[in-house]
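What follows are several structures.
Across the two complexes that follow, subunit A remains constant while its partner is subunit B and subsequently subunit C.
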Partner chain A sequence: MIRTCLVALLSHWRRNPIQLFAYLAGLAIATGLWSGVQAINSEARASYDAAAATLGEGQFDRLIPRQGDAIAQETFVVLRRAGWLVSPVLDVTLNDVRVIGVDPVTSPTGLGGVTPPEGTSLFTTGPDTRLFANRNSARALGDLAQVIIDDTVAPGIAIGDIGAVQRLSGRNDLSTLVLLPEQPLVQPDLASIAPDLRLQPSQQVADVAQLTDSFHLNLTAFGLLSFAVGLFIVHSTIGLAFEQRRGMIRTIRSLGVPLRVLVGLIVVEMLALAAIGAVIGILLGYLMAALLLPDVAATLRGLYGAQVSGTLTLRPEWWLSGFLLAMLGTAFALAGRIWQVASMPLLASARPRAWVMSGAARFSAQAIVACVLLSAAAVLVIVAEGLILAFALLGCLLIGGALALPVIAARALAWIERGATRPIWQWFWADTRQQLPGLSLALMALLLAVAANVGVSTMVSSFRLTFVGFLDQRLAPELFVQAETPQESAALDAFLTREGIEALPLRSTPTQIEGQSVRLFGVRVGSTYRVSWVFLAERPQVWDDVADGAAVIVNEQLARRGNLWVGDMVEVAPTVTLPIAAVVGDYGNPQGQVVMSEALFETLHPDSYPGQYGIRTDDVTALRQRIADEVGIAKNAMIHQAAIKAASLEVFERTFTVTAALNVLTLGVAGFAILMSLLTLADLRVPQLAPVWAMGVTRRRLGGLELLRALGLAGLVFVFAIPLGLALAWVLLTLVNVEAFGWQLPMFLFPLEYLRLGAYALGAVTLAAAWPALRLIRTPPAALLKVFANER
Partner chain B sequence: MNARLFFLLCLWPLAAMAQGFSGLGSEADAEFTNPAPDPAFNFPADHGPHPEYRIEWWYLTATLEDADGTPYGLQWTLFRTALAPGERDGWASPQIWFAHAAVTTPDTHLATERFARGGIGQAGVEAAPFRAWIDEWVLKGPDFDTLILTAQGPDFAYDMALTAQGPLVFHGQDGYSVKSAEGQASYYYSQPFFDITGTLTLPDGEVAVSGQAWLDREWSSQPLSETQTGWDWFSLSFDAGTKLMGFQLRQTDGTTFSSATWIAADGTTTPYADGAFTARPLGETQVAGRSLPTRWQVTLPERGVDVTVNAMNRDAWMDLSIHYWEGPVDITGSHTGRGYLEMTGYE
Partner chain C sequence: MLEIGSVKKSYGDGAARVPVLRGVSLELGAGQTLALTGESGSGKSTLLHIAAGLEAPDSGAVRVLGQDLTAMDDSARATFRRTEIALVFQQFNLIPSLSVAANISFQAALSGRVDQPYIDRLVQALGLADHMKKYPEALSGGQQQRVAIARALAAKPKLMLADEPTGNLDEQTADAVLDQMLELVSLSDASLLVVTHSPKIAARMGRTLHLAGGQVV
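Coming up: the complex of A and B.
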């Protein structure tokens, strides 16, 4: 019996391969988008964890030099012999690989978690220079050193014994000293032992994982959105399959199959199919993630300096979560239908219309929920602080908007209907309104997709506009020259003064301000700064005050995190507290910055020298050649402004490649949802169309009207999606961005862009509606006639 | 003293720091120098390090008492272990140093450890004037008879002065100490006659103490025999002024290999070969999740010794990178006095 029943149930799919496809594809797309995004996230997180394990960053306090980048090795020994338990670290870059030397004997993390293979020692006591690194880093290092492949080492990093790294880099000093968590009872003051060092508490070391959290939350939100849209498809496909099988279910039950067995079989059948769909989805997700990961990795490197592996690993946390979510989503969609089957009277006639009509009763409840959610969004706009609440706001806004759509659409259609005078149009609008419940899920999916597109494209374009403007002011000098030593710096300064060329020397040092890790800059105030810098907020005579050493400029990141603004006082050194003269926008950098005059900087940090020069010139190539010839600075230490600009823009282009890809996918998925819903309704609606046909409206005309209806609804959705999308963009720009990146962006509107989007959406809907319309046109008159025969 | 270290260093690759020391396998490395019988010591140079040998230590234990008669124990050990024979400057040095310090009171046992690389000055030993150091811990003095001693951890510290009241004593055959029937051996001499006074800084405050200290010097390149699983070592100072150093190596077949040195009050020694010295557990204690014998019957019939050795604090577990038990003991029976007990291999 069970076997026969199962064969009967499965035969439905054989007769409706498109439904089978829709069911599998819906699940596959939902699972694919979700697990793809999760795969990217977990790959990145694994890389951060590896980096944290390798470097112990953020776990331990450190001693760092007050000036420069080096600590004498003797200082390490002096500290240890005074009872300061520290472990030396040498941090150098060789062939673009960050090579870190540690002392495994004193390091709190051993050799950064590296377990050397049997028979090899961490120590390199001889002349060999053994390092541990993953495959890619090993390749980059080439034959510079003997590299032992260890895939647990964070990407972009090689680790080895401090002696080996000193030999490799030709250095005999150290970069930092890690302070061990357990210190002895009695210690002399640090100042009396090593006055050149200062303590950097662990929590002030920027935690890469924390910095990038927001970026990943962004991705996750998009993944979830895509998943929701995919589940709409599953929901409507399951609905269709049940509607069409009502007759079959009735027959099977009439033949004596117990309800329990039947329900069990349906559950097994649907979940087995869902499992297949989910597996396909995981494969799709893997492909998508593998394609996008290099871009994501580049973005994270550019924005946060976080190294992320560019190769994907199959990790259970993402494929399992995708699979489970797909199964749960299916089970959820299935539960309602099963309940219907279970409670359906045994011999209830197949009255799909009645069921569809009853759906309208849900409208009022839906309207109430929508109102509640939108009100919650309004409240959150006022009170929301923090990324989680910002995303809660987004959620309320989107779901509330989506739920409100059918309610508003029904009102709008009723209003239009009243204006219609010809019977055919009156029927058209009334019929459209009646179809709303069946189409509402698909329309909501379309709304979400279009709104997300409007929102994100507004954000991206606003971002780009602001960023390009920012680059123009910040990268005003045509040539940037890096000075490696104080001698080089002095020689360059002398040359530029001699030649009367306007130069902008830049001194900088890391410091702590307002409990944040901040970079302090000393600038020579000149006409370039006065002309090109544009502030977010300023008081009069900004540059005069800065030049006099009477005020400083801070970037937006520091201002927002430290809750500072123009006029507030900021302690830039233990003895120096100055007012903020201006706040400057600073994009593409998570760190706080303080800008002060060159003279003041020199008083605070007398040993410093300008490490970078911005130079104004009309002939970059010639000047570059002359500096190389006359000052002796290598040409690769001189960068053309255009090159920096291009590199910076590249970072941002890549940042949103990922988002754009997800956007296109969601729109595609929404179009697919429309197609499936229309196909579902098409069969149900034959009994309604038959009388209209019988009254003389041709099948061609009916098909045309169907298409028109789809377009009309899509137009309605689009009109509704624009304000929703703009609200989304506003939240992203003013709330999410501040939390995620530390800066706020002005919002620009791009009507043409929206129109193009509208065209895409209408195009997708036209494509989706064309097929059902075509099928209607080709419905044999006999099928339409049969409606009247069966009605009896 | 501590053949135990032979043993510990065999276990070393399994310990937490294992990765770095995988060179220390169970087979003696041919490049290292091995101890040979009939040693001719050269002092003060031999108080200093012997980098041609694989392992070496400066091992000090003391039984102490405060003004109220409350007993304490103290340990200070500097170990040297070499990845390769010889010394080189800077990080290229193959020498690794590590040290243990502990204070035992009747109620608590505090222990801590330090690590260092050779070649950079963080740790080392110089023979004359004598100076052994790792980080801020030191054992130093103008010569080997007058020393000061300091060490500290997160929750304790000590600062002591030592004065030798007798000569150096040599174990085994004139300082050549055999550790197994197969002939594994080390160079081994001691200064067991130190008077020690100073201050213990404990969580409850400072305590002025004085007592007796015993300093062991031992070096070798040979690990224990593969059939030896652990080690029970006793340094006993009797109230009559005589002393007994005895150890037994436990073997996989249940038998033991023992060795002992009887030290007269004037420092003259009598070595005893395998079998003369016996140690039999009388009571076990659960310490750090293991069962350990903290009460022993110790005999050396040829000297009329039949005593019960009882741990002053049974919880003297050294919960460091290398795990072992080391603490002060009380002696009752045919002789009375105090001493130190060390037990390894009770994993």
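Coming up: the complex of A and C.
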């Protein structure tokens, strides 16, 4: 009985391959996009974890220099003698790889989790300099050092004995001292024995994982959106498959298969198929993640300085979560249908239920839910704070908007229908309205995709506009010169002063303000700053006050994280507290910055010298030659502004590659949802079209009308998607962005961009509608006639 | 074999309640045949569905092979129907996604007793040999009807219920169909209840009952 029954159930898919395809594809898409995004996220997290394990960052208190980035070897010795249990660390960058030297004997993490292979002892390395690193880092290091490949070492990092690293980098000092967890009860005061050092508590180390959380949340939101669209497809295919199999289910039951057995078989059948779809989806997700991961890694590096491995590992946390989520989604969609079958009287009508073609009652319930969600969104706009609530707001907005769409569309169609005078058009509009419930899921998916596109492209383009303006401001000098030594710096300064060339020397040092790692800049206030810098907020005479050493300028990241704004006081050094004169927008770097006058900087850090000069000139090439000749600075230490700008823009472009790719994918998925809905509805619609055909409307005309209908509906969706997308952009720019990146962006409108998106959406829908229309045109008259033959 | 005792059935609720059967009783022994006539809408199909356990009567008893169908749960009733009863629906109720051959052996396969030589003979006798590989949608109404009859016969039931099995058939084919049914009755001592409008068919049955006003007259 079971076999016979299963064969009958499965025969439905053999006879309706398109439906089977829609079911599998919907699941594959949902699982694929979701697990792809999760794969990227978990790869990144694994990289952060590896980094944390390797470096012990964030786990232990550290001693760091108050100024600069070097601690003398003697200071370490003094501390050890005084009873401070510290372990030395030297942190240098060689060939773009962060090389970390530790003392394996005293380090609390040993060699950062690395176990030297049998027979290789770190202490007998002798004069050669052995490092541990993963394959990619080893390749980058080349023959600079002897590298033992160990894939557990975090990407972008090599680790080795501190002596070896000192020899490699030609340094004889240290970067930080890690405080061991167990310290003697009595110790001399740090200030008395090492006044140059400062204790940095463990939590205050900026945690990459935390910084990047919001980025991953963004990705996850996209994954969820795609998953929802995919489940739309699954949901509507399951609905259709059940409607179409009502007759079969009735027959099988009446021939003596118990309901329990039949329901069990249907569940097994649908879940087995779902599992196939999910597995295909996981493969797709793996492919997608593998393709996108290099860009994501670049984005994370550019935006947060986080190192992420560019290669993908199959981890159960993403493939299993994708699989389970797909099965759960299917089970959820299935449950309602199963319940319907179970509660349906055995001899109930086998005709597809009315909802596929009409369903006014459902619409009014939907309208109420939409109203509630949109009102909730309105409330959240006022009260929302924090990333989670911002995303809740996005959810309410998008789902509420999507639910409202069919209701509004039905109203609009009824209104148009009243205006139609020719009978064919009256029929056309009425028929469109009847089809709305069957198409509404697909239309909602299209709405979400287009709105997300409008929203994200507004955000990206606003960002681009702001960012380019920001680069113009920050990179106003035509030439940037790097000074390696104080002598070089002084010589350059003398040369520039002699020649009367306007120069912007820049001193900087990392420091700690309001519990955050920030960079302190000393600038020579001049006309370039006064003219080109644009502030988010400022008080009068900003630059005069800064030049007098009476105020500082902070960037937006520091201001938002430290909850500071213009007029607030900020402690820039233990003895110096100054008001903030202005907040400046700073895009493309996560760190806080404080800008003060050159003179004030010099009094705070007397040993400092300007390491970088921005120089204004009309003839970059000539000046570069003269500086090389007369000051003796190597040409490769001088950068043409355009080169920096191009490099910065490239980082920025890659930042959004991922988002753009996901956008295209969602639009594609929505188009696919439309195609599937139209194809599966096509069979159900033959009985509706046959009478019209019999009354003398050609199949070609009917096909044309079907296409027109799809385009009309897509146009309607598009009109509706613009305000929804703009609302989305507003939430992203003013709420999510501040939480995620620490800066707020002005919102610009890009009507041409929206038109282009509209054209894409219409194109996708035309493609989707073309096939069903063509099929209709090619429907043999016999198939249409059969409608009348079977009318019993 | 089949005993129906004062069965009542009505459709609809409240004011719209329409009584269809108002206390129908009939008895059909093993090896017996019975024709049920009555004008359209008189409740013939309803009575047949109740006899097959597809629908529950409002009151009254339905016993097949001495077992009370109304007292069974869904699962037991289904098993009983699968093994002992075959029903030819007025609307055929073929499975559209299965071929004619698969449709014919479907019920027999459900209870695991496909008698292929017998099925082959049935197919020949009912003139379906040329259509075995087709799907139901490609058959004419009469052909579909014969497939439904073949499906019921192939299951070799103890009780066969047929709802206007010859409605779409010409006289000659109708005779062939009836021959097969009567052969089953005589070979396996089964009982046959046929709903029909045709006096010719009714004449070939052992008895005829007429349904009118919700009662047997």
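Simple rule for what comes next: the second predicted complex is superposed on the first by the 782 of 792 C-alpha atoms of A that agree within 3 Å, B and C clash if a C-alpha of one lies under 4 Å from a C-alpha of the other, contacts with A are read in each partner's own complex, and residues count from 1 in each chain.
In this text, a contact is a pair of C-beta atoms (placed from the backbone, for glycine too) under 8 Å apart; a residue touches a chain by one contact, two chains touch by 3 or more.
Remember, predicted model here, so these are calculated numbers, not experimental data.
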Open item on the list: I'd like to know which partner A:Gly247 touches here: subunit B for first, subunit C for second, both or neither.
Closed with: second
TODO: Scan A:Leu441 for contacts with subunit B and subunit C and give back first, second, both or neither.
DONE: neither
Task: Contacts of A:Arg81 with subunit B and subunit C, given as first, second, both or neither - done: first
TODO: Once the structures are superposed on A, label A:Gly256 by its partner contacts, choosing first (subunit B), second (subunit C), both or neither.
DONE: second
- [ ] Examine A:His12 and indicate which partner it touches, taking first as subunit B and second as subunit C; both and neither are also allowed.
- [x] second
Open item on the list: With both complexes superposed on chain A, which partner does A:Thr106 reach: first (subunit B), second (subunit C), both or neither?
Closed with: first
Open item on the list: Per the contact definition in the header, classify A:Thr4: touching subunit B only (first), subunit C only (second), both, or neither.
Closed with: second
Open item on the list: A:Asp161 in the overlay: touching subunit B, subunit C, both, or neither? Say first, second, both or neither.
Closed with: first
Open item on the list: Per the contact definition in the header, classify A:Ala773: touching subunit B only (first), subunit C only (second), both, or neither.
Closed with: neither
Open item on the list: Considering only the defined contacts, which subunit A positions touch subunit B in the complex?
Closed with: 73, 76-77, 80-83, 85, 103-106, 110-111, 114-116, 118-127, 161-164, 166, 182-186
Open item on the list: Considering only the defined contacts, which subunit A positions touch subunit C in the complex?
Closed with: 1, 3-5, 7-8, 11-12, 14-16, 247-248, 250-261, 345-347, 350, 786, 789, 792
Task: Interfacial residue positions of subunit B with respect to subunit A in the complex - done: 17, 19-23, 83-84, 88, 90-94, 96, 98, 112, 115-117, 120-122, 133, 135-136, 152-157, 201
Open item on the list: Using the touch definition from the top, list the residues of subunit C that touch subunit A in their complex.
Closed with: 49, 52, 54-55, 74-75, 78-83, 85, 87, 89, 91, 93-98, 102, 106-107, 109-112, 135, 137, 141
